[in-house]
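The next block holds one structure in the form of structure tokens; read it before the comments.
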């Protein structure tokens, strides 16, 4: 389900940003009584995510606009497909157009990219997950788009998952301890409802980690062969996640190593928007 | 100059989004008294934009962190170059790392892309400008990054520029009028301090527009040869802007037509982040 | 059109300010079930501005109040005229009364004053415009009231118009440059969608300005005869605005000089409220 | 003491309103390194109120600006007197100038008007008090300015004073009760820490009110002779307040009736700003 | 009447706090189309306060939930009594359950405790009032609950009542003055609409206070016999309030001294929640 | 570590609530130049939690107040012990006193209660954890106080832990499935970084749960003997949590059953404040 609360806040902020003190062009030229019908169209093949953005945006601008979604999130759209219709005052539609498209295109871009990764690993046990490399302010919507594309979410912020990285471990080693102590302290401090994950970079660290019984072991920047050996050693005693610069070209090889999860920052930090446009037909006076 | 007010708000929102109820891993494992030195490094060639993000982010997390910028916005950075240093409590640096990098990478990505377009039209009269296809919530920073990259800004929202598009014109034609009336009404309604721009798609519309004396004529989706003819007909009586799906491959041809401005949505809606990383060295206990 | 978003925010803030922790008198004495009809009446002749304030205020207090506007913005009202009716819970009407009247009276006061200036220059080419000397927090509504009164708006903030004043020019002259360089730098920095205006105080500066081709020349505190000479020299190559302590007594003389625009700070910084009252008739039990 | 919390919020909102996305003129033309000295000068005789606005505004724009107040609130200022000095980056001073002056002029205008009323009743027992007819959003500062001018404050919102007006009484009479019951109910509902005041318009109501033992009796729109008779009848058993369209010309006659308090809406709803200007001297490069 | 504005804000904040990024369990397991009926039940005897919390909370979560209150605020509830019903999407009910109960239980706990104090002083002239020892952020609702329980409110914040305590008096004595001067200054500074109360601890101070004619005298931490003597000396010339560690066991003795008001901090700072539960019946598929 | 961000927000809100338009008593009577020293004292034995509240509150009121903590969070305090000192303007200290004490007393009350539960289960394997039955708006501080008292935190909101309760299970059974399917769906939907917990009420459900391999099994409202049998059957294959009306009297028996965790709602929903007071010594004039 789209996170409604965050969607409403993000749209409100975006409208304030885009409208400024009002749309002077539209207010000057489009009579308040002139109606129109907007057709939202795919201009590219992809996966739709964020159909709810349309109703949210147009209704924040003007509650009298009626939006009819013709496609649902997760559906593959093809060039020329009608995604939704909106009917209401033409001026109001014009005021909401840019914000609605900016969000819908970005979310659909992410779902489309995620789908490609998911398809690339089909038949393996690997699940594609996202990272915290999201657009500041849009994380809730971007994480939703990843789910729509068939991926799963990693922790969404620093408080709902323990992930012990190299720097945390360095702090512990600084005190003369190792992975076991790091995991012990994390368990003692964090709510018992969240899991403890540890990042490792070598097979020695894999062995050290196994002994400390974390819930998840993250293999950072390992080659596929090394990953496979790590998976073998772990032997199901923890979930195994692969991470580090994995792109569409390399994701299959990573998946073939037998890892449970592959996290991909590029799903959100560098994804092109999906091309979607709005065409407006004015009502006859 | 970086827009300080917007930067502070965006960083505050991003930190709230990323920290949630606190960084449980760091709070569990990194002693509050442990200091560290962070080195922010370019991992890719590009143009730096947003150096101020680092101090803003780290100081919002912890005012005792000291940030020293070694490079300034607009400077080309090369792989391995040190962009800035930060010194302070190691735990605080870890809490701000992701937010700082997410913003800095995106802004630098935009500046880098802009610079490429600017270089592609070097020697012509064309100025590269952005559009309203920006990330919702980040427009002020993204428009700044475009300026850093050597571009100029189009209007930043719907109230600081009149741009009469096809749909506005259709509403006017609906009443039996044309471009002249549209421009007359816009001038009567808008503050006299902002310019009136009109979008045209054919040479006939160019002629109609010229007669109505707008400040700017936008040539929408025209081929370079048509643009050149439009520029010739306008003959300096208005600024001429080219727009519509122009990419790096095609921008030079557009510029050669003699237009004054070329607006490029891809500068902000689909730009890859510039790869930048943070390395942390812990102080000796 | 009234700026709805700003209106809603201003009313919400005003209600919070005026209601505090609740209207103890009304809550103690007026039964929630008692209905009433409010008649909003002009007690002075003037121009109405802000009719939408009534519905906005009363509905924020209580969505069940029904407001019927009998007069529209821009209409001249005469003593005793009924501006609007409101029907609903008597207690809710009493809670909104003061805020509604405070705003409506101020906006109508501004529209009334503006109308007087506009009438005073009737038959000349001069347009009356406002300034940034507005009430902090109420600018959007006050600028709207000026339009209602027949005036036009100057830039509404420091970002949607370039106005080079004496101090900016002094900074440039400090570097050994003059008006031409100031205008060149402003054009290079600002979005191409906004105009460049320069303030001058002498005929020499007028000549220097003309050569630099600004979009607008502001004649600051000039006598009418000097203005006329300036207008003659400029000869239509820029819009001409007169400014500086112009009051109702002197505005006609300024307009006769042939300037295009006259900006008047007194429209908003010192205008008396228009007297409007609310009479409440209680429903029979 | 100036209400610091409200001052900070009002200034922040005003700066956001006035700066928009930034001061394009100043950013384009005034180097960040150029310093300046601002002299804030009275251009009219009056009473200063709001000196703290200057430091608050300039420091919100730029914490490095140093403001030195030369006059304190409540002090009479004469044409040409220097009110304060500010020193710091010239560009920052220009960005804060308009907001600082808009607030300072309005507050000083109110203090000046209040002082005139206070002087007009000198020698009588009457205290001048304000009303709730204040500028929406600025009440805290305007009420402070009234105190600076020598007046006292009426309740600042609907929750910190009980004032039973004609409509409240009508609701009670509707149920077959009168003033006594109204006062009884108000005392039972409101905190015991606030007083109960009742508005009356005739001598009969005065008598009815006296019997009900309110803390304060408000004489609404009575002629001075009637007021005097009311004061005589009340005989010190309640505070007596006069209200209703009292202006500077009529305030002395009202005061001579022997009332304790005179409330004057015009102190805040229609007061002209006091003329104050800022002159900037640039530092030598 | 429940303070609606504060209720809405408190519920919104509580939901944001409790929902975080969404209820993952419910979103994973409860179909959006599954309806349910919630029965809100008393599990303890007490006084209901905050019935409006239910509709406010459930409707903020989901406007389609219909809430029917079966009991009204102030009503005694007994174990097993149905307080209200809610019908709508089962998932939405589950998301609002905890927040609704947390608030309702706390408010009802306060009303229940207040009722006990009120009953303990039945037949005396004493009114039970609250203090400023309320839960930060919930004061408006807690003060309302006290009224529901039959108590009355003391000042709700530091600006709607003057209460001169030992430390204020010490400051005045520091300057060589006493109670009379303290009361004089307070009256000169504060709005005339609020009363002046002074705290005393000895009979000598009572005498000093009487001479200074405050509106209210607060007897701090006196034994009942001393209170009775103070009441006798004051003889109706001021309201008399008793305060200081009064609990249910001791409140009757205090009331018998003849004081007008007894303030009890324990009403809000240490009150146990009233046990109330929600049972959900799912609609048949 | 105290959650600083939430602390700052909670204190700001509480100060706004308590100060209203300003402390009229203090502003009228305490000269701004008068200094004072506050001594914060324990009036009861207990565990201190929230020492940081003092500096945060006093510094928000007035940054010149200096606060020196003499005791740290988690420390047992005894009657008469000095917790902290504050020095600065006496008026500012008086303005912050109530808010500071209200928060500090509540947090210390929670830590004190938690410590009692922790001590009651000493020697068993059971960890005391809190619930979501916290004060709306104060959860972050209350959960922190539980940790200070020696407890651990359960999930802090509905998004950082999966807890499948009876109603969720009913929804699944409604579709013809059972615990296994519920856990499967939860794992597929939720981030892999959080654990899956299931509530059971009978031994049959315990068996069904074991087979479905949840991370945590919550025994709801079971008698100790039943709990012991459940623990035996689970045999370490999941964490075991006991819940449901457990109070100080019964917690030891629950712990003796061998459960890993005991969650106690009473830690936060009904805890008495710890008595702490502030004494102010004025500086000599």
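Per-chain residue numbering starts at 1, and chain names A, B, C, D, E and F are given in the order in which the chains are listed.
Keep in mind that, in the parts below, a contact is a pair of C-beta atoms (placed from the backbone, for glycine too) under 8 Å apart; a residue touches a chain by one contact, two chains touch by 3 or more.
As the structure is a computational prediction, the values presented were derived from the model and not from experiment.
At the interface between chain B and chain F, two copies of one sequence, fewer than half of the residue numbers in use are shared by both copies. For D-F, the equivalent interface within A-B, B-F or D-E is the one where over half of the contact pairs agree by residue number, namely B-F. For the pair chain C and chain D, the distance between mean C-alpha positions equals 22 Å.
Taking each chain's centre as the average of its CA atoms, chain A and chain E sit 45 Å apart.
Each chain gets a centre from the mean of its Cα atoms; for chain B and chain C, those two points are 33 Å apart. Among the residues of chain A, those touching two or more other chains are numbered 19-22, 27, 140, 156-157, 159-160, 162-163, 188, 191, 194.
Looking at the complex, you find that chain F touches chain B at residues 1, 3, 5-6, 140, 156-157, 160.
Of all the residues in chain D, the ones that touch chain C in their complex are 10-11, 13-14, 17-31, 34, 36, 90, 94-95, 98-99, 102-103, 105-106, 109, 132-140, 156-160, 162-165, 167-168, 170-172, 174-175, 182, 185-186, 188-191, 194, 269-273, 280, 282, 285. Chain contact summary for the complex, chain E toward chain D: residues 127, 129, 152-156, 159-163, 188, 191-195, 197, 215-216, 239, 241, 260-261. Looking at the complex, you find that chain F touches chain D at residues 16, 19-22, 27, 32.
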